[in-house]
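First the structure, in the form of structure tokens, and then the observations on it.
By letter and in written order, the chains are A, B and C; residue numbering begins at 1 in each of them.
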Amino acid sequence: MTDALTTPLVSVKNLSKAYRRGNQLVPVLEEISFDIASGEFLALMGPSGSGKSTLLNLIAGIDKVDSGTIVIGGIEITTLTEAELASWRAANVGFIFQFYNLIPVLTAFENVELPLLLTGLSRKNRHEHVATVLSLVNLTDRADHYPSELSGGQQQRVAIARAMVTDPAILVADEPTGDLDRVSAGEILSLMGRLVADFGKTVIMVTHDPKAAEKANRMIHLEKGLLVNGDALVNHDLQHVHP
Amino acid sequence: MFILKLILRNAFRHRLRALLTITGVAIAITAFGLLHTLVGLWYLGVERSSATRLVTRNAISLTFSLPISYYDRIRQLPGVKSVAYGNWFGGTYIDEKHFFANEAFELKSLLELYPEFVVLPEQRDALLRDRRGCLVGKKLADKYGWKIGDPITLKGTIFPGQWEFVLRAIYQGAEKSTEERVLFFHWDYLNETLKKTVPRRADQAGFYMIGINRPEQAAEVAGAVDALFSNSLAETRTETEKAFQLGFVAMTEAIMIAIQIVSYVVIVIIMVVAANTMAMTARERLGEYATMKVMGFKWHHIAGAVFGESLFIALLGGVTGVLLTFPAGQWIETELAQFFPAFVISRETILMQLTAAALVGIVAGLFPTWRGATIRIADGLRRIG
Amino acid sequence: MAIPISYSFRNLWTRRLTTALTATGMALVVFVFAATLMLAEGLQKTLVETGSPDNVIVIRSGSQSEVQSGVERLQASIVESRPEVALGAAGRPLLAKELVVLINLNKRGSNKPANVVIRGIGDNSLAIRPQVRLKEGRMPRPGSAEILAGESIARRFEGAGIGEHLRFAMRDWTVVGIFDAGTTGFSSEIWGDVDQLMQSFRRPVYSSVTFKLRDPAAFDTLKQQLESDPRLTVEAKRETRYYLDQSEAMARFLRILGLTLTIIFSLGAIIGAMITMYAAVANRVTEIGTLRALGFQRGSILAAFVLEALFLGLLGGIVGVFAASFMQLITISTMNWQSFAELAFSFSLTPGIVIKSLLFAIIMGLAGGILPAFRAARMNIVTALRAT
């Protein structure tokens, strides 16, 4: 047994977060603790206002906790400064948004290239990486289209390519199918499943759509900032096979 | 560089908005340039002054004259190289619309005193020989199409009557800034006519122009002249040509200051407009900035993009404004020739214009840059959808 | 069915920063517009009030102002004997033969000299100028080196206050009185006994002859007769006309400058308003679609956005006029280009200017908002609703 098997990739301990609304402190997450193993496809579910997006943001390092720790890949990200977090994110996290969040003035190719600009890679190297992930999501022929010229599903695939281009360990998705029709949604979810199965990525997805959750191999429910049950569902099809 | 690509494309994302903003900045910069030139023109007389020329006039005011007998006494003072004397004539040519300066002057000394007036030797001789001859600057001669030998008639205002002259010499300015729109005629002609018509006004000079050997002697010679005539019936006041011109300028200073203030106000107005545009633009893009931050871009990347866009649009408007200033200046020169016969835009003005444009871009970009750079990711992302 | 006015109003309030910035830009333009009008008005007021339409001023023909003019004693007497001259108490003609020269005086607190008018007055000078009255002190004694100072001069020039001394023409002159001439040009003058001054300045001729008309309608015939009299080389003007002409060059310059600047500025402000309103429309696309779907007509949408723009303009206009009203506290003193004399005048705010400025501001708002409003009104409902 190697460390990769026994040590969880993500370890959340006693996480608490509250938001200030006027004079009041509204608690969103209360002393949450759980682990995520490498290669999991996790669905974070719960009703609106349950804190699932907040939890996602905290794990992805784009928000700061009030108390508790988050350790990812051995690094306690809760102690990092803003600048350190930015660098950490660039190398370790790929984010997929509900509304794709592509830059409108950049082509699909340039959007995917964007995260690579933070690395020291040469132009040639960058372009190779972009080409690779674009073919992965089957959009090579649309590389020089602007987001406004792409359908919702295509835009989300560009977004996924962008999330993958730096080869991060974790992919974080906030309602990735929320704005898509049934067919496109299905395509996106399958794609994400392949990223876990074929490339060993760890995917953490927030959703309120039970059909989307079906693709995941583990579900966590949140209700009013608290975990309801630990591991609700295990999808054997997606179980990562270790050598 | 990538950030330049981003700036360029973002700048023209909303073509209409970009066009309007650039147009607004261009108009403001053009107006600023025109006003700046206007103020500069006012001080042009000061620029043209020589450090080796002094002006002596009646201490009471310019409306009083000095006896012609002062000439010999001034000439003998140490440090004085040459002396000329003259009277402001202020005659009208055809009608009041055709205004140009005209003066009666001791012409031989005038040409010595003003080496920047370049005259062909044969014209000079003809001028000095003809009592009714007059000397005209090239720009003025060109404006009315005068040629050597042409008769010119002025209607006197201070010295009534119809005064007839013959154009004997045309002078060209040695430098670009030399005044070329003046008509000079013989003081003796004025004096002789006065002796016959209004004798009590004869033998008087409106002012003396003194040429000194070295600029450092200016204060000394000026003091000597005034001391010579103090406690006499016509006390003098002598100062450098520059001080004399400055005195004139100071009298209309209030208007000039007002115009200068207005030229800065125009920049402030467009700064407000540009700031508004950038603020709106930045607000609309907060989601994008947040997304980039998620990807790992830091605050200075965002700041560079926003600030760069503001500066880019402003400078684009600035350059357009500078280019527009030239045809505008040309129009002013032709249509408002009565007020502004020469409206030349200087290099300094252009520099000021570009600086102003840059300033607009900087100020307009400050708040949006700060906003974009400091937006908390979670807050920014919430703006999408 | 019209969209309630509060819709337009509240939208401005919601985007406070943008509203404030756009209105500020407009306010600045209105400020300049109003200030320019106020300046021209102030100048006009000063100079026109300086004269009276019942008075005639006679100067040498061809000279453009009293300073350049010279009227010989004999000619002055001929004018004095005209029957059109009104008679005052004791049957004396209400006529004054005056000398006008310029002297250099230093302003208080600075080395900058200015040309100040010295007017040698006669017995009737005050009588024909009812706008002028002695404010402090007394009239100069005849035959003495005593002078009166106009209120503006006494305040701003060294040595011109009551009890102070001025030195010119090789004599010391004492200021024994201050006269108040309102906003007229006389406030910028120093008055003394004409004979004393003529003697001291060694001027043997008068500068002008001013008198009150017995019958104001008789002016035209009088003018014609005076100017064709072979013994005289004079021209006659109504006093009001004379002072109007004096300010013509300056007033025209100010007016052209002001107009040009205002046009340029207003273009800038209109552009600002357009940008704001276009953005407002773009941001509310879904809202507009919803309103149309609810049943509001295109015209109502148009009206709502136009109203918003008009409010913006009005806001800017009110702030601009308010700020401009403070300019009334400022006095401008400069040299009049035609008379070469120091002239002091201030900004004058009239109800007419207030109305013109507000109207100007509203029109700017309209010009800025009309095109975006049309865009809003012409939107296709379905496209609008579908937009994110």
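Please note the rule applied: a residue touches a chain if its C-beta (ideal position, glycine included) is under 8 Å from a C-beta of that chain, and two chains touch if they have at least 3 such contacts.
Computed from a prediction, not measured in an experiment: that's the story for all the values here.
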Chain contact graph, described as a line, ring, star, complete graph or other shape: line
Selected interface, B-C versus A-B, where C-beta contact pairs are more numerous: B-C
Chain closest to the middle, measuring from C-alpha centroids that were averaged per chain: B
Geometric centre distance via CA averages, chain C-chain A, whole Å: 71
Cα-centroid distance, chain A relative to chain B, in whole angstrom: 66
Between chain B and chain C, centroid-to-centroid distance (C-alpha), Å: 25
Touching two or more other chains - residues of chain A: 99
Contacts with 2+ other chains: residues of chain B: 385
Residues of chain C engaged with two or more neighbouring chains: 388
Of all residues in chain B, those that touch chain C in their complex: 16-17, 20-21, 23-24, 27-28, 30-31, 35, 59-64, 90, 155-158, 160, 200, 231, 233, 235, 237, 247, 250-255, 258-259, 262, 265-266, 268-270, 272-273, 275-277, 279-280, 284, 336, 339, 385
Chain B-touching residues of chain A, taken from the complex the two chains share: 54, 57, 60, 62-63, 83, 86-91, 95, 97-99, 101, 103-106, 114-115, 117-118, 162, 179
Of all residues in chain B, those that touch chain A in their complex: 2, 6, 9-10, 13, 287-288, 291-298, 376-378, 381, 384-385
Contact footprint of chain B on chain C as seen in their complex: 17-18, 21-22, 24-25, 28-29, 31-32, 60-64, 67-68, 101-104, 112-115, 168-170, 201-202, 204, 233, 253-254, 256-257, 261, 264-265, 267-269, 271-272, 274-276, 278-279, 283, 332-335, 337, 340, 342, 388
